[in-house]
Amino acid sequence: MKPLPKFRLTRTAFAYPYLVFAIIFLVAPLILVIFYSFTRQIDNYSVYKNFENSPEIIIDNLDFIGYDEDSSLSRIGTYYYDGEKLTIVNYRPKHPETYRVFFEDGKISNIEEYDGEELIAQDLDNVKFLNKLTGFYFTIDNFVRFFNNGDSMKVFLRSIYIAFMSTVFCLLIGFPTAYVLSKMKERTRNIVSVMFLLPMWINFLLRTYAWRTLVEKTGIINTILGSVGLPAQNLMYTQGAVILVMVYDFLPFMILPIYNTLIKIDRSLIEASYDLGANHYRTLFRVIFPLAIPGISSGITMTFVPAITAFAISKIMGGTQCATIGEEIERVFNNDMWFGSAMSVIIMVLMLASMFLISGKDSDSDNIGGGLI
Amino acid sequence: MTDLIYIAVIAVPVIISLILLFGNPKRKSTKISRLVYLTIVFIFTYLPIIVLVIFSFNSGRSTGVWEGFSFKWYEELLNDDRIKSALLTTVIVALSSAVISTVFGTVSAIGIFYMKKIPKSIVMNVTNIPILNADIITGVSLLLLYNILGIPLGYASLIIAHISFNIPYVILSVMPKLKQMDNNIYEAALDLGATPTKALVNVIVPQIMPGIVSGFLLSLTMSMDDFVISLFTSGPVVSTLSLEIYSMTKRGITPEINALSTIIFVIVIIVLVITNIKDPQSNGKKQRA
Amino acid sequence: MAESIIRLENISVALGGEQILKNLNLNIGDKEFVTLLGPSGCGKTTTLRIIGGFQRQDSGNVFFANEIINDLPPYKRNVNTVFQKYALFPHLTVFGNIAYGLRMQKVPKEERKTREKEIKKRVEEMLALVNLRGFENRDISSLSGGQQQRVAIARALINKPHVLLLDEPLGALDLKLRKEMQIELKNIQIKTGITFIYVTHDQEEALTMSDIVVVMKGGEIQQIGTPQDIYNEPKNAFVADFIGESNILPGVMLEDYRVEICGRLFECVDKGFEDNEKVGVVVRPEDIEIKPEKEGFLHGVVKSCVFKGVHYEMTVEQVNYPYTWLVHSTDAADIGDRVGICFYPNDIHVMKGEDIDYSVFSNVPEEDEEE
């Protein structure tokens, strides 16, 4: 191999530290999420000691998927007995329940639920808790659980609905705004577009909270309604309130990309359309709209993707009944990383699919996020 | 039912303006409808902010019920150690992560720029991940990583997380400037006796400066505004302003925080006005060029 | 030939699977003005970049004054370059650009005080050399193309390189300015005594300025010679066609000084071919005389006649033989006229021509598509 000249090497070498960084902090986390979503943890509970002498052993924290009262032993899962210690492979350690395990000839003969308390303390010596994170096994249980579970599906579908409605309203409000902006004089429109960005400098939680003050039962809108003699509206804690605030929060992300494409449209194309006898509405639908498609699609992506995982907005505006998938992930993640990861993977797939649908096959990744930069 | 009310409230003006404002720009109805439409959107945009600013002067504890004018909460703000420390944390995290990301990102962008086509496109796709990905997934996945690597949650984990989502913005703002640059300029510097490092510092960097500056500002903004990723990566002890506000929304917000954001908002406006006054001069320079 | 300053030995380069240079050997003498001439994609710029150190050859050696400099990075080579689009530093003034090379040099501590003064003096000298006195503090972007060109030359010359590489430096200028700069460049070369290696695809530029012209095609050198050699004695059909316009047609060398073209025997000045060897024959259009039909050696019908300023450019379709002649003549002829074609023995250039594809060099005027 010929030695590369030094200077050539130095140029690409500038990127090497970043490559390492990107692999560790950008790629590895995603791989971890995918990995976790397809695995579950194995907890080994080992029971030592002379259980020959005491045929009953209490095992704490035993739970497993699909356990029911009549279950036969085979449904426990896996257990090992090597003559000295008994290891029970447990699927879900998070539901503290107590079980009694009966042995006959060194083998488990029966397991049953046990609710006596004093015995636990006394027999806990028999129960050894070994390595909580001893291993994992591959499974699609997490996904099965998600799609079988009515609650999580409900949250999932609700998130999609809220995100979809928010995106639609953002587009309906955002496109005309961007259009009007683009028709202004350059100096004016620069100032006006900065004014649309300005609120983003106030923490979004605070802006969201300010809406609460507006739409609360005793809030400003209801006060105004009341003073005119109209009945107070129950606006808080509804999906409508959540959508309203999402539209509010994500509107700039819709306006800016569309505005950026609209101002780049060659004026002569529009003039040519007028020249050829098209009126303003025809020109809008036949010329301006098709040319603005890249901006519109990146606006939709930039609204839909954050809206679907929006965090805290539904908590502040919608209370518990309007929880979205983002909050569900956060809630679940603390207890069950595996299930939380599976939910994250489902969201990622959904986002990729929507991006693919919106921007088409020839999607240019430069385009997305381009409105902001 | 309530959904329908919202739909009506938003959709009716939208449909009317759609018809009117796309009409002939010379017609008066078009001009007026455009103005009205924009005004409505502006009211929508600034309504909560006006409310927020007004209630920062409330004398009562509520951010919704007006009890009288006072500067009480601004004074309170000066004495609130929790908010002050959260603000300090936010500034420290935002500044340090923005500085590190800018330096690291700029150098990396130069390296990536000179890569061959296929590795380059792979690296750029990886770089896009945090921008395209939902914040919550970025946060969750970093938490998993920290768990595995045994990195304790705190300042370090928080700053690393911020760097990881800031760097892509720096790279994406520097890259176009590199593309605009005449490739021969680097070679010209080498040709005239500059070592690669010298050529980088006194030829390439001055030319991509605008990209570096906008990358830095973008990082700073994203970092200050971040909430979700910080929530997962900051741990129990460290708290940024966003996290502090989030915990307040559970306990109930006092106008104190309104006062703080009013101050931040005013500072941003002042900075913007100053840069805009400066702008015409630099524009003139560009035109002459 | 002058003492060798740059020597390329068996240089081969492939980029992206394409062979750019094939086993190239080239010797460039000191203080010479050498032009690498060829169509785009012939490898001339790559050759220049290898000499400059911007590109590494896959195999072969680069010698500078008989020393191998393969691994020497560009900033250590005593060679400077004028880039195609000038590559001036837009953030520096004219002075800053020209002084850049000097500022990059390491200077012992005791000289640092006087350094700025010296830089100023040298820059002024350079500005004088390229006729840009008083432009020191101008922004690069405020200069015209020609002025930027001069700054680029001054910047490359200030380090007093042994060799100056110029990559199509005049390509972006308009015709008039280009002619002026050609003369000026030649003058600078003579004044400074620096070896110039000049890359261009413009044959006229090459013939005007060079001491030596190197004609390249497909990564290989076709011919090396003085402009006169190249023009008058092209070694092959490509060179003949690329340098100036020409009639290239097959012939048979019957014996020394006798060649058969178009079925007729001609006297010529070439020898050293085998008897009855198939050859290619080049006749320059300006060497052909148009005469009344009876006085010509060959007869033809005028197919087109275009006024070109100095002369008329005619195509004449030969009678009894499938060839169309390209003729430059000061006299006009009407389309359809039957004329005689005349040329003299020393206007006939014979070259080896077994495998020439003559159809490429046909002078048949292209039909206008609209008609």
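Every chain is named by a letter (A, B and C) in the order it is written, and numbering of its residues begins at 1.
Assume a contact is a pair of C-beta atoms (placed from the backbone, for glycine too) under 8 Å apart; a residue touches a chain by one contact, two chains touch by 3 or more.
Every value quoted in this text rests on a predicted model; they were computed, and no experiment measured them.
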Most centrally placed chain, judged by C-alpha centres | B
Farthest from subunit C by Cα centre, which chain is it? Let me know.
-> A
From the C-alpha centre of subunit B to that of subunit C, how far is it in Å?
-> 56
Which integer distance in Å separates the CA centroid of subunit A from that of subunit C?
-> 65
Centre-to-centre distance between subunit B and subunit A (centres being mean Cα positions), rounded to whole Å | 21
Residues of subunit B touching 2+ other chains?
-> 190
For subunit C, residue numbers touching 2 or more other chains are 53, 73-75
For subunit A, residue numbers touching 2 or more other chains are 6-7
Under the touch definition given earlier, write down the residues of subunit B that touch subunit A in their complex.
-> 2-3, 5-6, 10-11, 14, 17-18, 21-25, 34, 37-38, 41-42, 44-49, 51-52, 55, 63-65, 104-105, 107-108, 110-112, 114-115, 123-138, 140-145, 147-148, 160, 163-164, 167, 169, 172-173, 190, 196-197, 200, 214, 218, 221, 225, 227-228, 231-232, 241-242, 245-246, 249, 253, 257-258, 261, 264-265, 268-269, 272, 276
Quick one: which bits of subunit B touch subunit C in the complex? Just the residue numbers, please.
-> 182, 184-185, 187-195, 198, 203, 206-207, 288-289
Listed in rising order, the residues of subunit A that touch subunit B in the complex are 6-7, 10-19, 21-22, 24-30, 32-33, 36, 169, 172-173, 176-177, 179-181, 183, 191-192, 194-196, 198-207, 209-214, 216, 218-220, 233-235, 238-241, 243-244, 247-248, 251, 279-281, 284, 305-306, 308-309, 311-312, 315-316, 326, 329-330, 333, 337, 340-341, 344, 347-348, 351, 355, 365, 368-369, 372-373
Subunit C residues touching subunit B in their complex are 52-54, 73-75, 79-81, 83-85, 87-91, 100-101, 104-105, 139, 141-142, 155-156, 159
